[in-house]
Every structure is written in C-alpha cells, then in structure tokens.
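A, B, C and D are the chain letters, set down in written order, and residue numbers restart from 1 in every chain.
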Amino acid sequence: MIIVMNSNAPQASIDRVVAEIERMGSKAHLSRGQFRTVIGAVGEEGVVDQTHLAALDGVEKVVPIMKPYKLASREFHEDDSVIEVGGGNTPVVKIGGSHAACIAGPCAVESEAMLNRIARHVRDGGATILRGGVYKPRTSPYSFQGLGIEALRWMRACGDELGMPICVEVMDTRQVEQMEKFVDCFQIGARNMQNFDLLREVGKTTKPVLLKRGLSASVKEWLMSAEYVLSQGNRSVILCERGIKTFEDSVRYSLDISSIPVARQWSHLPIIVDPSHAAGKRDWVGSLALAGMAAGAHGVIVEVHYNPAEAQCDGPQALLPEMFKALMEQLRQIAVVTEKEFSVPAELAVASN
Amino acid sequence: MIIVMNSNAPQASIDRVVAEIERMGSKAHLSRGQFRTVIGAVGEEGVVDQTHLAALDGVEKVVPIMKPYKLASREFHEDDSVIEVGGGNTPVVKIGGSHAACIAGPCAVESEAMLNRIARHVRDGGATILRGGVYKPRTSPYSFQGLGIEALRWMRACGDELGMPICVEVMDTRQVEQMEKFVDCFQIGARNMQNFDLLREVGKTTKPVLLKRGLSASVKEWLMSAEYVLSQGNRSVILCERGIKTFEDSVRYSLDISSIPVARQWSHLPIIVDPSHAAGKRDWVGSLALAGMAAGAHGVIVEVHYNPAEAQCDGPQALLPEMFKALMEQLRQIAVVTEKEFSVPAELAVASN
Amino acid sequence: MIIVMNSNAPQASIDRVVAEIERMGSKAHLSRGQFRTVIGAVGEEGVVDQTHLAALDGVEKVVPIMKPYKLASREFHEDDSVIEVGGGNTPVVKIGGSHAACIAGPCAVESEAMLNRIARHVRDGGATILRGGVYKPRTSPYSFQGLGIEALRWMRACGDELGMPICVEVMDTRQVEQMEKFVDCFQIGARNMQNFDLLREVGKTTKPVLLKRGLSASVKEWLMSAEYVLSQGNRSVILCERGIKTFEDSVRYSLDISSIPVARQWSHLPIIVDPSHAAGKRDWVGSLALAGMAAGAHGVIVEVHYNPAEAQCDGPQALLPEMFKALMEQLRQIAVVTEKEFSVPAELAVASN
Amino acid sequence: MIIVMNSNAPQASIDRVVAEIERMGSKAHLSRGQFRTVIGAVGEEGVVDQTHLAALDGVEKVVPIMKPYKLASREFHEDDSVIEVGGGNTPVVKIGGSHAACIAGPCAVESEAMLNRIARHVRDGGATILRGGVYKPRTSPYSFQGLGIEALRWMRACGDELGMPICVEVMDTRQVEQMEKFVDCFQIGARNMQNFDLLREVGKTTKPVLLKRGLSASVKEWLMSAEYVLSQGNRSVILCERGIKTFEDSVRYSLDISSIPVARQWSHLPIIVDPSHAAGKRDWVGSLALAGMAAGAHGVIVEVHYNPAEAQCDGPQALLPEMFKALMEQLRQIAVVTEKEFSVPAELAVASN
C-alpha cells in the first residue's frame, strides 16, 4: 500500500502515518520527493487498513497495490476454475476453462405447460441448462411477481424429465433454504449483487451460484461480491455480465464487453454473458451473444419464448425458438475460434458419438 | 400510451395492436403519417400492459404518458407530505413541506462510549435525529460488519436519553421484525433500493422509511421503489439522494443535485441529501450539504466522528464536531432562502422560546 | 411528433399548441385521456420544430417519431453502403456490406524509418489500409503533438510504395485543404465528433471520412454528426466505435458493443471498431477486436508497434507485430460466421488467385 | 511516480524499469513486498514519461503522484485568481475570490431588436455581463446555426450601450482573430473542450476565456484543457460547470455539483455554473443555480427570453425576465453565506451607494 502525503504535510503527520503502519504490523518506507513525501507500507497488505490511513491528517490519497479479493483472484488460483452444475437427477454440465454452456428458458415461469414447451424448444436448440424465474424482481409493485414455490416444482420436474440442470433466481435470504432442495444453480440478480446477507446465505449452500454483475458495479466490486460467496465455503461461482447503466439509451443496458477479458485476467472464475437483458430487444440479442463468446466468455444465458407477445415479463427481448436455434449454430462456430466447446444435450451427445 | 409502429409495419400488425389495446379495455386512436402509423391507447393507463405491446410484431417503441407510480406521485397528492419521525420516548421531528431536519451520528456504532460521545456532539451542533449503523453493508467480506443487536440497544438508550429519534439501516428481511421494536426510522441503503422483498417488509411496518437512491437508479426507478413501500400501507417515505455512479473519479459518487427539484416536482414525498457518502472526503462534505439545501432539500444526513482516524468505517468522510457545528449554522441560513426551517433539539427549543 | 400536455394544462394552452402545429404546416390530432391530453402532429416531421413546441406553456414533453437524421438513415437508403477507400496510387479497398477491412499502423508517426518498418509489419499481417497520426490530440499541452506535414509526406510515400491507402486524423479546419491532397481517408477523432465546422469542411471534400464516436455521444448523436458530413455532399462516411466513458475504470473506455447492431439497424453506413483506444492495454485488444467483428462490424482499426516502450504515444495499447498477425487469423475466422470477408493486401491477392 | 510491477515480473523487467527511470534523470527506489515489487521514481515528475514506463514488460500500473497540470494548479498559485472581464468601452467585471458575477442573455442572437430587449431585461435583473450566441453548435445540420458576424456587431453595440462586457462562443480557429476585436470574453463550448487547436488559438489572445466542461470530461481533464490556454500565455480562464452525461434522463445533463469544491481545491481559477443547459427545462434552472452558488461557485451564466416559444434555440430552458429577477434576489442571499458578493450593473452601483 502506498500513502501519498499532501504537498504541505508537516513532519508530525508523516510521523503519525509511519507509526500507524508499524502499529498494524507492517514496515514503512519513506520516499521524499521535491514536492511530496510518499510512504510505502511493505508487508502483508491485508493487515493494513486503507480507510484508516486515508483518514489521517495530511494524507492526500492511499493507493492499494494488492487486489482486495483473494479467493476470487487468479494470483491465488492460477488455472481456470471449472464449475459443475447438476449431477443429481440430471447430467453434470461443466462451465469454465474450455467448457462452454448455454443456459436458456423463459424469463418467468408462467404455467407448467408454457414451461415444458419452451424447455423442449431450448433443449432442441442446444441449451443444456434450463432457466426460469419463479420470484421476479420487478421495478413496479404492480407487475407480475412470479408464481413462487409451485413454479419451482414444475422447474424441477421439467429439468429432470429433459435431463437439464435448472438455474433459478433467489431474491430473499428467507428463500434460500427451501430453494436449495430444488435448484441445481442459484442465480443472484443484478439488483442483489450487493445484497450481502443473501450472498452469505448462498455461500453456505452446496449449489453453484450464478452471480450477475450489478448495474453500476465495477469489475472489482463484482469480484468482491464473488468473494463474499467464496469466503463462506462455496467455491462454485459463475460470473455473468448482463450490461451496465450508461448514458446510451438505445438499449436497456450497455453490455460491457471488456469486462470479459478483464475478469478473466483478474480471476479464475468462469464468466458468461446475458445478451437478453442488455439488449432489451430481440433484434440485437444475437449480435451481443456472438460478441460475448468472441470476447472469451464461457457461454450465454438467453431468454426464449414461442409467443413473446403473451409473455408476462420481458417479451420484447425473448428470442423465438427458431432464432435461438440459428444463434446456437453461430455460437458453436465462434467457440471454436476461442478454443471452447459447448456441452450438448444428453441424448444428442449419445447420438453424436 | 402511444405505440409507434415501424415504418414498414404491415396492416396486419397494426390491426393486431389495435385489437390488443381494445382487449385490455382501452380505446385505440390511429394517426397515419406519411412514414409511420402511431396508435394512441386512450383510457386508464394502468390497464394497458406496455411490455406486452412492445413485444408485438411491427412495434418500434411504446411511449408511456402516465407516470408508472401512483401513490408516490404529486398528481395524486398535490401537497407536500410531512413525515413525522419519533414520538415514542422522544419528541416528534417533522420532515417535509417547510420542515427541515438534520440527521447525524457515526457511520457505524463501534462502542457504547463512542456512540454517546458523538451523539452529544451532533445534538449540540443542532441535529435532531440520531443515525448510527449496526449492520453495515461493506463491499469486502473482510471489513467490519457492525455490532448488531447489542449496538441497536445502545442506539435506543442514547436516543431516549438525548430526546432524539433514531434512524438505523436494515439490510435483511429477517431483521425487520426485531428492529421495528427499537428504531424510529428504518434506513434502506443504496445497494438495497431494489431489494424488493425488503421494501415490502418495511412497507408492512408502522415506522417511517428513509429510502436512499440506488447508485444507478433513475429518479423514476427510485419513486417506483418508494411505491413498493407505499403500496403495502406505509405512507411515510423520506427520499435520500446520496450520489450516483458516473465516470468522474475525484469523488466517491456524484451527488445528483438535479434529482432534488425533479423528485419534488414529480412527488409529494420529502427529500434529503447525504453529502458524506457522495463526497467520500470531509473537505467537500460541507459544500455538497449547502448545495442540497439550496436546491430545495428538506434536510441532510451527515456522518460525524471526533476521531476519524479511529473510525472503523468511512473515517475519511466524517466531519469533526466543530466542522459539523459550523456547517449547521450555514445550513440554517440557506434554509431561510428556500423557505424552510430546521427543527431544533428539544431543550434548546425551550431555551430559544 | 407527439406532444404530451401537463395533467392540468388549460384549454388555452392546448389551443395554442394546435395553432402552432397548424401554422408550421402540419395537422394536429387530439386525444383526450382521463388525465391528460395528447396531441399528434401529423405530416412531414421536418417541418415541425420540436424545441419550439416544448417551450410552449402546458407542454410536458414532446416525443419525436421520426429519426432526426435522413441521409444517414436506413429508412432512406435500405441497402448497406459500400465505401471505397484509395484508388489513386493504391488499390481500392472496400468497406461495407460483405466487405471488411483492417486498418493498422502506429498511433503517431515518429520518424520515416519507424513508419516504414511498422507499415511492412501490418501489411504482412493482413492490414490493407495504413493509419498513422501526424497531428495528435493530446490531453496535455506538454505531450508530443505530432510531426505535421513532414510526417504526412512520409505516410503518402509509404502508402504508395506498399499499395495501401492511408487514413490520417484531421484536427483543425485549417488543415483540411492541404491534407486532402495527401490522404485517402480523413479520420475525425472522438473529441472532434461534434466539432461541427470541421465536419462541414471534410463534408466538402471528395475523400471518405472515418468518423469516430464521441466519448459521450449517443448512437443518435453520432449519426447526426455523420449527417453533417453527408449533408455537404460527401456520401462516404465510415463509423468507428472506439469506446465510451462509463464508471468502469479497468479499461480506458468501455467499448459499446451494442452500438454495432444498433447503428447497423438504423443506418446503412459501414461501421468498424477501434479496440486499441478502448482497451488502453494490449492484453485486452484482441478480445475486443474479435467481439466487434462477431457483433457485425465491417472491420477494425488497430495500433501496432515493434517496440511499444519506445512509442511516443499510447505505447501500452500497441500490439506487437506477431500479436497482430495472430489476431488477423482469428478475425478472418470470425468474419466467416457473420458473412463478411476481409480485403487482402494487393500482392497477396494476386498470389491467392 | 510509482511503478507497480506484476506479481510474477522477472528481475530483468525490474532492472529495465530502474534503468529507464535513471535514463530519464530521476532516481529509482525499490520496495520489494511479499507479492510484488514497487518502484518509486523520485525527482521532478515532469521528466518521467508515464506512458513509456507503462508500456514496459512486467509493469502492472503506473501511479502518478503529481498533478499533470501546473499553471492551473493551486500548488503553484495558492490564492484564488480574480479574472477581469471588460474594461474597454464597458466597466470591468471581476470574477474570482470574493467576486461573483451573473452572465445572462439569449441563447442565440436572433435579431437586433430581440437582443436589445433581452439585454435590458437581464441588466435590470442584475446581470453584469451579456451573453449571446452568434455561431451555434447544433447537433443537427438542419437546425438554426446562428447569424455570425452581423450578430456580433449587435452584441458589441448593445454591450457598449448598456455598459456590459460581452461573452460570445467561438467554435472554429478561423473565427478567433476577427472575434477578438469584438468580444470581451471568449466562450469555449462543452463540445470543444478538447478541441486543442482552438484552445491554443484563444490562448494566444488577450481576452479572458470561459471554458465549459466537456460532457464527459473529468475535472482533471478539464483543468488540462485550461492548461492548454494558460500555457500559451493567456492567464485569464474562467471554468464553467454545465452538466455531464449520466444515465439519468429526466434532465438534459446532470449538473456535477461536486466539481465545484473539487476544482476549487485543485485550482486557483474561478468557476461558475450554467444551470440552463444542465436542466434543459426552466422549472429546474433556479434550483440548480442556487445549488451552484451554495457549493462555492463564483457566479452563474443563464439564458433568458421574454418569449421562449419564439426562441430559435433552447427555448424550453430560457427563464422569463421576471423569473430571472427573482432568482437573482435569491442568489445574492446565497452568496452572502459563502462569502461572495455579486457585481452590480454600473448605474445601479451608483444608485445603491
């Protein structure tokens, strides 16, 4: 950690900073320049409290040298993590390293029939994990809020029947225990990326966690949220880039494509993209999905509906089944260029061998 | 609601939109321009589902005319709401209309002694509501997370002794029931502004809710979150602008000063500013507080510490007691210009009469 | 154009808006809802002044229906434009439709020798247009500002020798006349995207214009700037996405990948990406370039240097020649997926026939 | 300057960085931590090239310690600068330190009669400098572009008659020489904040320069642009905060109120606010103006029109004369709180003594 003093900081302030660094068990190195004094705190960075030093008199700024996350960092885990989803009543699907996967399904589960129909469509198209919301985070209290536990049972039954692990969003700490019995993968939504109690609760479970990036979270803050889950013992976190808030208003959110190479350089965790919520409009979903894979993502999560105009949630961004199928073909080709391979649905796997 | 069709939308698409509008119980008015057809849905807007229409073939965009919130809207409640905080063991403090208030205290309660000392300082300076965190939302799982229920008891005792209602952040739905017995006002932090389950839970209580604006929430989304609380029956919501994420990196967050006149025009709810978290550095806190009041806010919430270098949380932004006192003097003068008056601490009120 | 009146707008205000619309030669259609009156202005939109209507009493907002650009719009030019660069002393390189191209070279021309060396490297790697700055927009007045006209002569000679059209940034209206004699393509930098006098001047020339997107320009504003050039008679504009300012600070600018499908849907103009300035660090340049092509771009512009540590400008983002060559291989594969083909250097073209 | 090496940087890379620092005439101090080596370059920072070091192998990041601007910095000029505007045929108006001023007038000069009428209104209201655009930067090439030189003559005549210095926007390097004969203060618009050739040209004149902040410029970049002007010999720069691009869409631009205390801490230059362009709607202009003054600004620049619906440019944000007058009264009261005083129009000054 490096402490830059104000240009006119008195000696007493410099002495105080040095004393504090040493009190915290680190060593202080002074560099006196023509205009300023800079103090380096050498030793294990975790023991030095950045905020404390920044609050001392005469300190202009404190520059941390180490990353603030550990378990999520590639410095402590050099190779790509490969996360396994499913494996109970369904095959295991791997995500990470050279393993890519497509997660698809409806935005929200609206009925058992619609779920089963869409699930078959996405499985036929090449998805290997089924998504579907049962509790929905809606900006308006007057919008459809999801069907809850009943829809969760349908998801489980449908996933088991089709051999697809299921991924479902959890919104409230009180839902974790019950949901853990049903799901193969918890999804944490963008608006809950810094709901720290929720992160801790899913961190105590044994199921993988798909962690969407917050709408205004830096890559560093995102990895800090992953660290919350990892620090509770759950080492299976999948990052998901889904777009950030910017001034551009043609799309719902701006897919931050650079977060993919950055997160991959800083962390060993796998990362996928959600082009549906970023685009907000089905016309643009395909281009964003392809871009995500080309940038190095380990897969995509997309929303599909056979009749978007009937969807109770996010219809405008849902792909039609035939669009989804065509997109998967292109995604497979892109994956080859970035040295990844998509998992294939169970029976098809047999067939293609 | 206005539906703009693509320039090449076929008649069948136009017919379908008209049919859907009528099915939803509204009337459709067509305007055929040289290049496009525009369809107005006339009637009560709430009955028409914007997302549904946007998902239909041939629709370019849907423009809502009505605000998506009702109970938070000034159209349905013309006069400023005045919210009352406290009244059990403490005096009532009013916020809204011509009533301004200053909420102050430590960022986090670190010990009973430090709490009591800071509380006296802020009361002497002119604060009438005491703040202090007992559960802390921290970006790192390795940072101080708050002292919990024990600190809550200290807050209650301290508030009672000094005649100051207390305002404490709630982070998890599981904390609401217990905290309701202690606090005079719930605070919802910026990162939880769209934690919809939490909003619903505090909406079922009888205590006022201080709702901080999310780091990337538009004013409209913020009012939608207020609507979540209001729709559960709790009509006492105080908005709090605390800065948004922008590209500017000199400050922690950019205080969005224009949100004050905008929110006041659109909503009857009172609004205060938090200059401490926006600035991130005590040098700039005062200027932002003054700006907030000048822009029409109903008060401020600021962090104070007698020894910031010892603070376990956000020391660099804590005002020293003497800085706080001087700031309150300036705030009172600004309040006069915008036709507001700060509440004064109970005994001082007697003295000044 | 649609004019939404305030909920309490008096009849006189409504009448005034109607009168103004008719005065401007358009027809007014009223829709009276339960809470508001909405007025549609039907006719050719260009004749109605949005700002004027928005300034009238009682008007809440004005919603334009038509795009504000014409010549840049796909509505008026359905097929992709194919822009031809070069053709004097060099072969013609096509960009647009199924034609992709790679523009590469040093950030700034530092000497004739370095230019010739880098130009050979990029040509060997597969670039068909040579870039190189001779006037440099630098945030600091104390940084290297470019070698000017002498460097321009070297660029021309080098391009002629290698059979590569040259693309050079113009910064000032006073440079346009002289530069036109040398360059095959003008580049307008991001900071000059709304330097309207400069846009008009290059719009009067006969050379193609590579128009970089401004750091905070919406796609719509970008197309309006293209319209400035087009409206002067120059129909050869190539859009270039190079990243926007967001809160994310890991990269220099956030490459806005969604601008590619959006601009392609709204406009017939070709679009390329600049991954170098967005990433700011060579490690991430390749991923962004691949993402851009996968999203549908018509090519890339990248910076290359054989010894980045010696570069006087933007060394950290320059690709090494061997990195560039490997990237081009991947880009060609991605291009196949999105049905495009890169132009190839002249002699190689002969060889491959 | 501090150079942080990658955690796995080999000794050869470290040696190279040290050698380069010494070659540039600075001294290198090594600190070897458990995980990384950090190298401090001690000496005059200007001599060390940050970009060069950042491009070397094994370097993770380079952290500058000194501010990149000198003449604009408070470190080199401790006291507030006081800029004098006018003094030829008009009184001198001071801006900076305890001197505040109000600049007002129409957005664009549309005719001599309208100019004279508005000028009288703003002078009566309390403005002491007259603004009015004669060349207008418009996003659309089809919008009104200003009346040019003829309007400039009207401005000069009007300013002389009323005793008000005039402030006029310059857009193109080719306009500088002629305009210098007429204006008392050049205005550089937000879109030209990084038009470096234009900055240099006005830097060579003897007239003060009102430098608007770019829509996506950090405070640091803004001061770097001021440095361009100052470095040419012109020491009279007035900063003007006018709002930045954010995700918030209720206003045209988000007035970045924190830039005022930040710029004042970092620089000695005076700073004013433009609430009109930020708000985009006259309802909110007053609140933003008051906030700006409360935050420590040295004045405001506002647009006024007696009939906004007739304005050819930005009518919705123009204040009516009576609104302007009332606002000035409030601004004077706020100025007292922040220890500033507004200049008063010449004759009124006599009258009030």
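Some notes on this structure:
In this text, a contact is a pair of C-beta atoms (placed from the backbone, for glycine too) under 8 Å apart; a residue touches a chain by one contact, two chains touch by 3 or more.
Note that the coordinates shown come from a computational prediction; the quantities given were computed from them, not determined experimentally.
Counted as hops between touching chains, the shortest connection from chain B to chain D is 1.
Chain centres were defined as the mean of their Cα atoms; on that basis the chain farthest from chain B turns out to be C. Separating the CA-averaged centres of chain A and chain C is a span of 32 Å. Between chain A and chain B, the centres computed from C-alpha atoms are 28 Å apart.
Note on chain placement: the centre of chain A and the centre of chain D lie 40 Å apart, centres being C-alpha means.
Residues of chain A in contact with two or more other chains: 216, 244-247, 249. Considering their complex, residues 20, 46, 51-52, 54-57, 68-69, 137-142, 171-174, 191-192, 194-198, 200, 214-216, 221, 224-225, 227-228, 231, 244-245, 308-311, 313-316, 318 of chain B touch chain A. By the touch rule above, chain B contacts chain D in their complex via residues 216, 218-220, 244, 246-251, 254-262, 265, 278-279, 283-284, 287-288, 290-296, 330, 333-334, 336-338. On the chain C side of its complex with chain B, the touching residues are 2, 4, 7, 29, 31-36, 38, 40, 42-45, 63, 65-66, 75, 245-247, 249.
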